[in-house]
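Here's a structure for you.
Chains: A, B, C and D, in written order; residue numbering restarts at 1 for each.
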C-alpha cells in the first residue's frame, strides 16, 4: 500500500508518495507560513489531493518538529510553529478528499523510522537514531517498535543531561547532551577555541573570513578534512561526546545499532571513529557483552517523508 | 495458570508458586553455594518438583543477578556466581519432572515486572523501575512490554553516566548513576561527611558506635527520621540524584511512572520528596508536558519470585 | 603624603586626591573616549594638574581594567580600551606638571587594596577580595603585600576553573569561576529558570515586564528580598558558588578574610549566608583549622581611586 | 651559616647539616615511633647534638607532614603522628645543647623551598611547587617569599576542588585536585581501566602478576616507558590534570615557574609534555601573557632537610 509522507519544516513542506519499499514515487514542495497554521493544513491537503489523483494512497503521515500527542492526532507543542494542542491530523483529514487515516509524528521519529526500515537499520530490531544538525534529535526503536512514550514525547535524547552544571541549553537546563553533541556545540567550541588557543586557530579564522563570529560548522568540517590540527580535535571532541552519551543510552536500552545522521555526518570518519572510541571507552561491562555498531545514516533529506508515510501505514 | 518463580540470591534461593494475580501460594527457601553451580540447578529442580506435587504449574521463571541471553535460556555473565555462558534454564528444565518452559530473567527485571503487573505500576503502560539497595538496578517497561535489549542486557540504569570524571564504579567507569543513587553512595557520602563536617556529624557518629567506618545505611535513615540535619541532607541528596537521573531517562523514554524500590525506600518521604523535586527541576520541557509520578514500590522482597513466575507465563 | 588616584572606567574617568587615611579630599570626573587613547592620557593629566594646584600631591596611581606590566608602567592588554603594551604611566608622567611617580595598577587590585587598607580588611594581613559585578575580579593580599605575580597578571580569580566542561567564558574557556559567581551568571541562570521552571518564575517575569530577555540582576535581587522562592534560590546558588570557589583559594592561600564587593553585594545576607555555608561545606580540614571570615566590602565606588592612590605611595 | 635540617617521615627521621649553598655536609637517619611523640623529640635532639659537635650550626629547621602554627613553633595537627597542638619546636629547643632557634615547617613547604633556593627555581621569584607522590602537596613562593597563610596552612594545593561531585578525597570532600593529580589517582585509574577496558590492559595486568589489585604506580610508569598504549594514556591523563589544575593556580598567582617533583616525576616527558599541553590549553588569556614554564624538580629526597635548614636560617 502506498502512503503519503509529509515533512513540515520551518520554511517549507515536502510531500511525497512512498511505496512499501520506502521509495518516493512522486514529490512536491510548498512554502510554509509558520504564523498561519490554517494555511499549512490547507497547503498539505491540496498537495495530498493532487498526489492522490496519480497514486492510490492508503494513509497519510505528517511529520513536524514538536511534541505529538500519544494518539498521534495533535501537535501538543511546537518550537517553531504556533501550534498548541492543535489537532493537525484531524484538520488535514477533514480537508482531504480521501478516506484514509492521517497520522502525526515527531519529525525526528519519522526520520529515524525511515532509517530503521529502509536505511542503516534495516536488519536491526533495536536501534538508536541520532539526528545531529543544529540540535540533537533522535528516535528509539525497541524490539522493532518505535518508542513514543506515555505522552508521545520520548526520544528527546538531546535533553539527557550529560554534564551537571554544564552548558545551558535552549530548554533552560544545564548540561544537555545537545550542548555537547550537535552542530551548534561544534561551532560554539570552535569560536571559543579561536579565543583560547589563538596560536592554533589560524586556518579556522581564515575560513571565517577573519571574523570569529562568522565561523560556521562547514568551516570546521572543511578545515578538519584538510588536516588542520585544531579542527580535527574539535570534530573528534564532538564525536567522542556522541559516543560517550550513546554509551549511557546503551546502558538503558542495549541497542544493536546506533545511527548518526544529520548535517554533522558529513565529517565522516573524522567524526565516526572518535564516536566509536568514545562509546567503547564508556560502555559498561565491555568484554561481557557485544558492542553496538555505530554507523552513518543512509537515508538523506527525504527520510522524514519516508518515515512519516511508513508509520502512517502501521 | 500458576507458575513457579525462582529468585537466586547470593546466599539463598527463594522458590514460590505464583497465581495469575501475583499471589504466592507456597514458598520454600534453600541455601546457595555460589561456587558449585551444579548444586544450584539441582536444588532448584528439587524444590520445583516438590512444589509441583501440590500445585499445578505451567511455567518456571528463574531470576538471578547478571546478564541473561536474549533467548532467556542462559546466564551470559554473573557478578556473584561462577556462571559464564551457562545454560541455566536448559539445565533446570532437564532436571525437573515437569514438561513446562523454564525461562531465565535478570533479577531486577523480574522485580520490576512484578511491580508493573501487580504493584505500583499496575495501571501504567510505560514505567521505569529503580531498585535501590547496595547498588542501583532497574527495569524498563515500554508500552506494556519489558525492554530486554538486543543482547538481553538493557535496563542497566545504574551504569548511565551522570557525572563525567565522577566517582568510580565497580564497573571500572567514572560517574555511573549508581555511584550517586544507591545505598552505597549514601553510606560513602555519610562517612565522608563525618570527616568533612565534624561539627554536624555527632548523631551519625553516635549511631555508628563512635567509629566512622561502621556507619551503615540504616544509621543514616534513622538519624534522618529523627530529624538530624546532616542525615536529612544526605538522604535528600540521594533523593535528588534519583530524581535528576530519572529526568534523563524521561527525556529518552517518557514514562508515566517511576517506581523506587529496594532498601533505601525505607526512608519514605525524606527520599521521595527530594526525588520528585529533583526530577521536576531537571525535566526538560516542563510546562509543555505532563510530569511522571514518582512512587514507592509496593511489592516487597518476594517481587523477584512473582515477576519471574509471571514473565515465564508470557 | 597625599596622592592622586585615577580610576579609568569604560565610559568615564574618576580622579581624586586621597589622604593617608584613605579619605578623598577632592574629586573630579571626565568622560572617556575608549577609541582615542591619547585623549585619555591628556584628560587625566589635565585633571591631575588642576587638583595639584589645590593639594600637595606626592604620587599618582592609575587604575584600569586589563593586564598591567610587572613594573607598573604599562598596560599590556585591556579588554575595553585599545591599549596593547601601552606605556600609560610614562605618557601621563610626561604630561603632568608634577615631578611625582605615576604608577599603573589593575583596577580590581586597586579596589581590593583600598578594602585591605581602609575597609573590611584593615585589621587583616592575608585577604582575598572578590569584586563581583558583571564579571568576577579580585585581589590577593599575602602577608600585607598585594600579589601581582611574575608578569603582573595575578588575581585573575574569575578564571580559575571550577567546572570542567562547564559554562563558556568570554576568555574562551569552559567552567571559569566567573561563569558561576558573577552578576552575569545570576542573570543567565534566572533567564534559564524562567524557561525551565515556568511555574516558579511568575514574579521574575513580572519584574522584567513580561519579557524574559529583559531580566536584569536587580530584578532578581529585588524579588529575592521580597521573598520570592525562585529568586532566593538563585541568589543563594550564586552565594554558594562564591563560597565554594573561595574554599579552593583558601586551600592555596589560607587567608583570614574574604571580602565580597561589587554590585551583587547589594543582596546582603541573602548572598552572604549561603557564601559562608558554601565555604564551610567545602573547606578542607574543617575542625583542624580556623575558618576565614567572609564579609561584605565597606568601600564604595571610590575604592579604585583610593586604592590606586595608596598603592602609588608605596 | 650552617644549619641543621630535620625531615620527619612516617617511619624514619633524616637529619643533616646544610651549608648556605644547600649542600648537605653530614647526615644521619633514625627510626620514628609515631606513637611515642616524646621519643621523636629526644631522637632529634640527640642527633642534633652529635652533628653540632662536628659542625658549627646556627639554626635548626624541622619539617613534618601536617599543619604548622603560623609562629612556626607548633604542630597544630598531623595526619600520621599523634601531634595535636604539640610544641615540637619548643620541646626540641629544650633538649638540644645549642642556643639556636628551632623552627618547624610543613614538609612540602620545606621541600618546595629547597627547590626554590637551590633547584629548578633558583632563578625565579614566583614559583609553584607540586610534590606528587601518593598525594599532592605543594609550596607557593610569591615574590621570593614562602606563602604560609594566616594560620600556617597555605599551599594545601591538593585540596583545591577541580571537579564538583568528583572523586572522594581522604579529607572528606569530593573532587580535590589530589584525586586527579597524584600517584594514588594514577593507580586507581589504572585499576579501573583494567576492568573497563580489558582488551587494552594486558601489559598492565602482566606487570601486576595477573592480579589487578597488586597494580602499583611503577608498573604503570614502566609500561608507559615501554610504549604500552593504555599506560601512556594513563600517565598523560595524570599529566594533563597537573597542567590543567596548575592553570587555575596561575590565574590566581601568575607564577613564572611550576616545578613537578615527587615519585611521579620519574615518568619524565611522558608526564611533562601532557602537563605543559594541559596547562596551555586551560591558561586564560593565552596570547596576551607569557606562559609559565613547567619543569621537573632537581632536588632529590633530601629536599626536606635542605629546605628546613634554609628556612630556619631566615
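In this text, contacts are C-beta pairs under 8 Å (C-beta built on N, C-alpha and C of every residue); 3 or more make two chains touch, one makes a residue touch a chain.
Keep in mind the model is a prediction, meaning the values are calculated, not measured.
**Q** With chain centres set to the mean of the C-alpha atoms, which chain is at the far end from subunit C?
**A** B
**Q** Centroid of subunit B to centroid of subunit C, CA atoms only: how many Å?
**A** Centres of subunit B and subunit C (C-alpha means) sit 52 Å apart.
**Q** Express in whole angstrom the distance between the two chain centres, defined as the mean CA positions of subunit A and subunit B.
**A** Subunit A and subunit B have C-alpha centres separated by 34 Å.
**Q** At what distance in angstrom does the C-alpha mean of subunit C lie from that of subunit A?
**A** So the centroids are 45 Å from each other.
**Q** Would you pick out the residues of subunit D that each touch at least 2 other chains?
**A** 163-165, 171, 173, 196-197, 284, in rising order.
**Q** Taking touching chains as linked, do they make an open path (line), a single closed cycle (ring), a hub with spokes (star), an all-linked set (complete), or other?
**A** complete
**Q** Enumerate the contact residues on subunit C facing subunit A in the complex.
**A** The touching residues are 163, 165-168, 170-174, 180, 188, 192-197.
**Q** Would you tell me which residues of subunit C are touching subunit B in their complex?
**A** 164-165, 196-199, 280-281, 284, 286-287
**Q** For subunit B, which residues are in contact with subunit A within the complex?
**A** Of all residues in subunit B, those touching subunit A are 67, 76-77, 124-126, 140, 142-143, 145, 147-164, 169, 171, 173, 176, 244, 247-249, 251-256, 282, 284-285, 288-290, 292.
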